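Below are two complexes that have chain A in common, paired first with chain B and then with chain C.
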Partner chain A sequence: MSAPRGSARTAPAAAADAWRLPPAWVLLVAVLLIACAEVGGASMVQFKLELSRWARGQMLARPDVHGLVGVRDVDEPVLDEALTKFDAGLRLFHLHGEGMGTVIVVAAMVTTTLVEAPALRRAILLLVTVGGAVYPVGYLVWSALIPYQGLARSRAIAEWAVWIPFGGAAIAAMWLLTAALALRLLRRRPAGAVP
Partner chain B sequence: MTRRLAAALGVAVLLAGPPAPAHHVGAWSPRDNEVSANFKQLKFSLQAGKLDVARRLYVEGALRRELLARRAALPPGLDTAIRRALETCDVGAAEGGLMVFVAALARDLAREAERQLADPADPPAARLATGRRFLEAVWRYYNLIDFAVTQRDARAATTVRLAFDEAEGIVRGPARGTSPAPPAALEPAAAVARLGAVFRRVAEVLDGLVARAAPGATG
Partner chain C sequence: MRRPPLALVFLAVLIIAVGETAGAVMSWLRPTVERYALARIRANAAAHGLAGAPEYDEEVIARAVFTAEAGLSFLHTHAEGLGPIVLLAGTLVATVVRGARLRALLYGLLAAGALFPLGYLAYALAVLEYGRDEGVALAERWVLTPLGSAAIVALAVLAAALARARAASEPARADGAARSTPPA
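The block that comes next holds the complex of A and B.
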């Protein structure tokens, strides 16, 4: 039985080009995030009515927070907007949780395989995992705060406590990864090569 | 060269500017309540000449329920006049009756807005926010009948629209390049006072319109 032509050359090359697994904790965080997003989506559908009733009750108990004036024609649109955004927050958590979980897995795999500098690799992994995993939780925080803090204040809290720091971390990680990959390409090009 | 490139890329990432504050959080636009939805159904049925449909929509609809609930504050015989108009296929009279009812709804909201704006229990900034919500609510009703009002009483329609423009300027600031003096520069207390006056004017004009257009009114 003869070996396929070129197998002696392709086997080591294939081993060198193989994708490497990211650290287990990164994968655990990503899969956990996707699982939470799935549970969130299922709960959102299953308990939609209960959640809406609860949020409406909490808002009616806090007329000053929501600027309710006791006139149906004025208050109903205010409550409707808040309930719509409350629901949107849950939906966006579901969507971003699934999306960012996948982004973490892919970005971590690319980082582990192609970023050579250990410190940079660790930094990118940490930023993309923590930033990507916590960013979607901001939507959950926003949604949960709407009945208690009103639309504008709840959004400001979620923005400054979660979206900006953790979303910023994920964005920074992606740019660092982009820069690292660009550098890798530049270094591999032979001197004097014509692009 | 590569170190410089790396440094440049790093600096570019760090100085890329503050994170965008406008995270996607979904859009919302006000929906019709059951009265305004019923009004639109009635209006489209009348415009299409489907008087039997309009009659059923009126008799069984939320608009009539609200009309009967507010009977005391409405011109006497309004319900009877609208039903008679629908039965006799008098589209103009039916539209006029519906217009009177919606104008009365907007008038009552404007009166309530003026009352709440004058309440000193809340700080002026909070009252201004309340005024903005009332303004949107009054406009949602008036907007339904603006065309009908313009056809019947152009002067009243113009006065109301000008009042809404002024109120918009008070609660949101003037449009760029408008004159006279920008109302946004007003202190909240002064803005509340002006907004209250605007609501009073709207209520007076709509009250006059309701009185003139009511069934049995002369002129």
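The block that comes next holds the complex of A and C.
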């Protein structure tokens, strides 16, 4: 890999067909996200019982929110479903954090190397980094809100506050990058050529 | 590190974009996907073995819808995973593999492997059109197995090429070290 664009170590030293390093802040965000996801996965296993007990306690303290009626046969399936979703939210944060961290690094590397227009390059980097890093946090938000807001409302909040805007940003970034590469492929410009 | 041909990079990025979009479709458009699945299953009632008995049919329909949704879910996870793998493997091929013909073969196999996640889209659609068991078998035989095998073969050959490159560099390194050692 060669140094980022704009650095003093660029062009002459770098091979024309080498990858360029994405900006440091992008790599930092991606690595932090992967680290948080790993810690999330470990915590999920280590504190599974405590987390479950805490969520159950919070739900029992809010019977109206969860539609609990005080009859064990009715309440237990409701609590079980909410706890399963609570656990699923933590798992999905772990999975998406690790996955999106990798996608951010890969997309940023391709963007930095192959997208020539500076404005488009900056836009894709911003969208994929911010969108990709915040989107997985939506699963944590969802999990954390389930005991307080109930299943449907917590999902709606996470969806409109996090998943749609930030997930949408990451998707838009990937399609912009795909379009930029398709254009470049159609024009068949020599790789790494200075415009 | 050298980068692979633009076409392979494009394919890897396209697959990641498709994977992300599939995740969104699965979540935001779930009711629409379910409605479409139900409509296709009813339109292909014979393929699904629907008998006209509501209790039996409901179970068959539920299983078929679940399998079709699982196909979309596999598309999402495999595309997000395989895109970066193809890019990384392509980078290693570009950097480490010497012969132009072998490089071209590996790029071709990786490109085919990059399409593997789309096999799960075929899987989901085939389940709806040909019935659960027949659809799964068709997708596995004609799409998933060939494309998945291409990825596996590419990675196995790349691993062999890496081992060979390492073995070739060992004597050269030892020779270089011996030459640089000053005489006593």
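One rule holds in what follows: the second predicted complex is superposed on the first by the 174 of 195 C-alpha atoms of A that agree within 3 Å, B and C clash if a C-alpha of one lies under 4 Å from a C-alpha of the other, contacts with A are read in each partner's own complex, and residues count from 1 in each chain.
Definition applied: a contact is a pair of C-beta atoms (placed from the backbone, for glycine too) under 8 Å apart; a residue touches a chain by one contact, two chains touch by 3 or more.
It should be emphasised that the depicted structure is a prediction, and the values quoted were computed from it without experimental measurement.
After overlaying the two complexes on the shared chain, residue contacts for A:182 are found with chain B and with chain C alike. In the superposition on chain A, A:71 makes contact with chain B only, not with chain C.
Once the two complexes are overlaid on the shared chain, A:102 sits against chain C while remaining clear of chain B.
In the superposed model, A:110 lies in contact with chain C only, and not with chain B.
Once the two complexes are laid over each other on the shared chain, residue contacts for A:81 go to chain B alone; chain C is not touched. Contacts of A:24 after superposition on the shared chain: neither chain B nor chain C is touched. Contacts of A:170 after superposition on the shared chain: chain C is touched, whereas chain B is not.
Chain A residues in contact with chain B (one complex) as well as with chain C (other complex) are 159, 163-164, 167-168, 171, 175, 178, 182.
Partner chain C is touched in their complex by these residues of chain A: 1, 15, 17-19, 99, 102-103, 106-107, 110, 113-114, 159, 163-164, 167-168, 170-171, 174-175, 177-178, 181-182, 184-185, 191. Of all the residues in chain B, the ones that touch chain A in their complex are 2, 5-6, 9-10, 12-13, 16, 19, 21, 23-26, 28, 30-31, 33, 105, 109, 112, 116, 126, 129-130, 133-134, 136-137, 140-141. Partner chain A is touched in their complex by these residues of chain C: 1-3, 6-7, 9-10, 12-14, 16-17, 20-21, 23-24, 27-28, 80-81, 83-84, 87, 91, 94. Chain A contributes residues 67, 69, 71, 73-74, 76-78, 80-81, 84-85, 88-89, 91-92, 138, 142, 155, 159, 163-164, 167-168, 171-172, 175-176, 178-179, 182-183, 186-187 to its touches with chain B in the complex.
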